[in-house]
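Consider the two complexes below, in which chain A is the common component and chain B and chain C are the respective partners.
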Partner chain A sequence: MAAGGAGRWFLLPGLAFLFTIDLIPLVYSAWVSFYNWWLIRPRDVRFVGLDNYVRLGVDPEFNRAVVVTTLFTAGAVALEFLAGLGLALLFAQPFRFLRPIRVLLLLPLFVVPVVGATMWRVIFHPEVGVLNHYLTTFGLGHPPWLSDPTWALVSITLVDAWRTIPFMFLVIYAGLEVLPAELFEAAAVDGASAWQSFRHITVPLLTYIMLLAVLIRGMDAFREFDIIFVLTGGGPGTATQTIQILNYRAFGLGHMGQANAIGIVTLVLVAVMCFVLMRAILRPRGAAQA
Partner chain B sequence: MKPTPLRATLTGVALLPVLAWTLFPIYWITTASFKTELALYAKPPQWLFTPIVDNYTRVLTNIPFVQYLKNSLVIALGTTIGSLVLGTLAGYGFARFRFRGSEAVRFLVLVTRMAPRMVLVVPYYLMMQRLGLLDTYTGLLVAYVSFALPFSIWLLIGFFVDVPLDVEEAAMIDGCSRLGVLVRIVIPIAAPGLVVAAIFAFLVSWNEFLFALILSGVEAKTLPVVIAGLNTDAGPLYGEMSAAAVMVMLPNIVMTLVLQRYLVKGLTLGAVKG
Partner chain C sequence: MRTKTFFLVLALVLSSTASPVWAQQGKSITLSMLAGYKEDVLRASLPEFEKKTGIKVVVDASPFGDLYKKQLLSLSTGGRYDVLFMDEPWIAPLSEFLLPLNERMKSLDLADFVPTTVASGAFQGTQYAVPVDPNVQLLVYRKDLFEQKGLKPPATWDELVAAAKAFHDPSKQQYGIAITASSDIQTALYMLLAIWSYGGELVDNGRGSLNSAAGKKGGEVFLELLKFTPPNVKSYNFADVNKAIQLGQAAMAIQWASGARPMEDKTRSSVAGKLGYTLVPKAVRQTPMRGVWTIAVAKNSANQDAAWQFATWLSGKEFGQAAVKFPSATSAIHSPRFSVLKDAGTKATLPYADTLLASLQITKERPRLREYADIQENLRVTAGKLTAGELTLEAALKEIDAGTNRILGK
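Presenting the complex of A and B:
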């Protein structure tokens, strides 16, 4: 580990850029969140301190949205992580047609999110949707994909997983590719089973990359908007009404102070979630990675 | 290791459902682009049909698709290059240099990615307006690099810390500068990480909708805005939307085919012995 001096020239360009571009809008947004500012009444802009936040805290609709968002995030990320890890491990061993299949698996990433979600709405359609047509044909029932509260949450989770399992797969797979092969060969020579190699070589060496994939996906799922908006618009009822849907509505109604307060609360919730997860996973190993 | 017949079979059994699940919607979008709207809703679903190209001709003649394609490409390539250069430098900086509070700064990098974009778009709009950068490539490019950069930095830290220090030190003893070490030794070893960072930076820009909608007027409009425009008040024009989506997908496939040959293992092999 080298001393600090030269490091700043590597760090400065990126950090200066990032913090200028992102922190200025954030500070502005935090500042607006302390005001009562309704676009319809431009003359009546008042500083109200923490009122917007207090109102969110006691609003049952907002609290419910936090629960829905957390459920969606946890479900989607767990599913995506397990599937992505499984695929990455599968692709780490060479097999025929690996390269073309690898490209095919990445395709959902390339579909513009709004279009992907619109197509899924057609596929899920109870009357003309192709999914229920075949499920019924094979006698597997007729799930009300988007019209039942529980199924709607399942549906948006499935569509999110469809879109982003390739992300998890690609990140973890690239991480596996740079692990030194000698370690696995040595372990095999010493008679380690596949599970032992995985548990004692892959997992410790890949902890950082896997954690990063989960964090990035976690923060994106928590802020997911496009897919949910297109598929259910937050319904039926409030079943899939996430924080972002409420945020969108607040902006739509012109409640600038309230909308920005929702944004700041989202940021804080995501930051706490990431921080706790990082502590829980990195600390026990003594921060050996990175 | 040579794949045994048993393992090949198991791989196939595991992959088939995943592939079906992944590809079916893509297949559906692709065929929808060659179908009339009536055929799309046909019951039972039509697997064999007479393809039509009307959707494509309508998209290509009714909207200046090629112009928007160029906008999307320029901005996405710019985003990729910008976030790779800044991300590589900063990633290497974090991976190799410790200073007081470096962990906190690193976390702050991630925090810039946590705010909902919806909240950032208004102040960002005001900022770009002040700078005269509304409806320009630069305005969108700067936003997208800032979206892609935190992930690039964090990802590349993970790949750079695993590069064996001995190799770097050996090169420096032989007279290589820090930057030379980064370019000639670290980057080739960490190539898979850079490929992943490049693909995702490109996609951040390529698929982004909200900022493109708010910040671009006529000049810098990108494809997602155009496609979303096909979701009209009278309902989505599924055929045209699918046709546009297929055309938008193609450059990504080409890019991935080009990049994926760098997604290989083995460069670390034998770099450090003993």
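Presenting the complex of A and C:
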């Protein structure tokens, strides 16, 4: 009992740290979101209650940004998850040069997002870009990567995938490496196929790890800014205008109330997304155990 | 002894009331600057200023897209900038935080400045900034191609469309005109330029007023021009317009004067020496858009005298002459002074110097409103929707006006 009491005290530094860096800014941000505060008019700061939230609710541009953000997040995370899982399964098999190739695969993780996006902007460039040069050489046409609304959404998804597939790979691969080999050996003795081993041993044992990877990437993708800002700036039109692009614009023009309202809505949407994802993935497992 | 004391006291009094050069020695000022070529030009001359005055200048450079945001955040939160390199549309929104310069301006040789450039630093009768780098939109055309076809450079929008059509041959990767049609701010400014020429206004009598016959006509001409552009102008920005000219792909471009300089750089441009420059086309009026880079002093700066000294140096003849001769890369700094723009050396370096000066004398300014940054952002986003096909021209003009009125509280 005494040890438990003392143990709780050890939580204090962590809680104090969390309170300082998380809770105070969050509460302040929520508080600011109830004000009409435009930086160019410092003497005209007014409490407006929920006005900033109501305006977001009826703003077609914001609603479209929510749809674009959701599409981008779903597309990017699905692509990254499937590619990451595939690569992890591939690299779980021993083959020559495994280690150097594994290191090479991780390289995009170390590239600063803005630098990577700038590099891709040059690669996608319609006239001087290397991608269209080779596609044209092989008779595959020259897609308007950044100038067509659909292609622009595909392009930012591909660049996000390029940057973060290594993360998915790394997390799932680490999970695969610690799975007990005996289970697979026993399944092999019982005549299980590779697919059956994967479906009935690998997937259940890796569920939590995969969920973690998808959640982290989902939260990141929902808040993605750098790549989209550099590649398309939200265009063409509003084709790639995500919530974060709108938030950046509101902050940039000095609308602190509106910008903080967008930030709080983003937080709520990310929390809902995580909750739904966890319920969807974990419920059948819990129900089965019950 | 009493005489020594008298002079000592006199010196102290003088140093606290006046601000001679030596009084600023050892001071340090922080400059908010546009990153890239303009920064390079400045840095090349800065040691000379620091040596002459003893004032250390700390440069904080940001790219164009971030500069207004950074200056707004810094100024409104009592930030660290003493002196700010500002695009002229930002003067009105940020005027609250800038030092009025009317009295100090009297010490400048104002007769040497092109008058419209001085006006770029003023808002509601108060001078908040000094012009440094006057910019204006020009029509750039391939002299060689026009001569081959026996055509004159277009003077009206109809002639511009006709010439763009005449030179447009995608099978040879030859396009009529290079302009942007992306979500970039330049797209909105091209459209506004055309609308202005037909007599339209972004804001009239305090209300958004693009949705007019003139607005529609200007918008239609802008959209018509897009038929004769390189295929990917929907992802173009300022630099891409330059690239299309430099690679010899476009016969014409409407571009800011600062973009013209790199087009004449033989190491980067296949058409250097083959370009002609003329005023932007007219319809019912000729309205080259003004975009002067200015220098302002922060109202809360503790080093206002040193900051002013820097501002006068930056807008001075000496810096102007050094700037126009600086080797070109991606953009340029010109000078707001007649003495520099009319100088034979300048004309030899900048083949468009005469067109720049002529344009500056008839140039049109964007609305001088405190809310202008928001209005221009609304224009940018909606023009992007128009060119992406999300909106028809009429719907776009209505949406721009609705946004303008909302911002102006109408």
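Just so we're on the same page, the second predicted complex is superposed on the first by the 268 of 290 C-alpha atoms of A that agree within 3 Å, B and C clash if a C-alpha of one lies under 4 Å from a C-alpha of the other, contacts with A are read in each partner's own complex, and residues count from 1 in each chain.
Operating definition for what follows: a residue touches a chain if its C-beta (ideal position, glycine included) is under 8 Å from a C-beta of that chain, and two chains touch if they have at least 3 such contacts.
None of these values were measured; they are calculated from a predicted model.
Undergrad: Which partner chains sit in contact with A:Gly49 here, chain B, chain C, both or neither? Use first/second/both/neither.
TA: Neither: A:Gly49 stays clear of chain B and chain C.
Undergrad: Taking the superposition on A as described, I'd like to know which of chain B and chain C A:Val111 touches: first, second, both or neither.
TA: So A:Val111 only meets chain B here.
Undergrad: After superposition on the shared chain, which partner residues are touched by A:Val128: those of chain B (first), chain C (second), both, or neither?
TA: Both partners, chain B and chain C.
Undergrad: So, A:Ala239: does it touch chain B (first), chain C (second), both, or neither?
TA: A:Ala239 contacts chain C only, not chain B.
Undergrad: For A:Phe251 in the superposed arrangement: first (chain B), second (chain C), both or neither?
TA: both
Undergrad: So in the superposed three-chain picture, is A:Gly57 touching just chain B, just chain C, both, or none of them (first/second/both/neither)?
TA: Touch status of A:Gly57: no partner.
Undergrad: Who does A:Pro204 touch here: chain B (first), chain C (second), both, or neither?
TA: After superposition on chain A, A:Pro204 lies in contact with neither partner.
Undergrad: According to the stated criteria, A:Asp148 is in contact with first (chain B), second (chain C), both, or neither; which is it?
TA: Second partner only.
Undergrad: Contact-wise, after the overlay, does A:Met119 reach chain B, chain C, both or neither (first, second, both, neither)?
TA: In the superposed model, A:Met119 contacts chain B only, not chain C.
Undergrad: Chain A residues in contact: does chain B have more, or chain C?
TA: B
Undergrad: Which residues form the common part of the chain A surface touched by chain B and by chain C?
TA: Shared contact residues on chain A (touching chain B in one complex, chain C in the other): 128, 251.
Undergrad: Residue numbers of chain A touching chain C in their complex, please.
TA: Residue positions touching the partner: 39-42, 61, 126-128, 144-149, 152, 232-239, 249, 251-254.
Undergrad: If you look only at chain C, which of its residues touch chain A in the complex?
TA: Residues 65-66, 68-69, 72-73, 76-77, 93-94, 96, 182-184, 230-235, 243-244, 247, 249, 370, 373-374, 377, 381, 384-385, 387-390.
Undergrad: Which chain B residues qualify as touching chain A in the complex?
TA: Listed in rising order, the residues are 1, 3, 7-8, 11, 14-15, 18-19, 21-26, 28-29, 32, 40-41, 43-45, 86-87, 89-90, 92-99, 105, 107-120, 122-124, 126-127, 142-143, 145-146, 149-151, 153-155, 157-159, 161-162, 178, 189-190, 192-193, 195-196, 199-200, 203, 206-207, 209, 223-224, 227-228, 231, 236, 238, 241-242, 244-245, 248-249, 252-253, 256-257, 260, 263-269.
Undergrad: Any idea which chain A residues touch chain B in the complex?
TA: Contact set of chain A toward chain B: 1-4, 6-11, 13-15, 17-19, 21-26, 28-29, 83, 86-87, 90, 93-96, 99, 101-116, 118-120, 122-123, 128, 130, 133-134, 162, 165-167, 170-171, 173-182, 205, 208-209, 212, 215-216, 219, 223, 225-226, 244, 247-248, 251, 256, 259-260, 262-264, 266-267, 270-271, 274-275, 278, 289-290.
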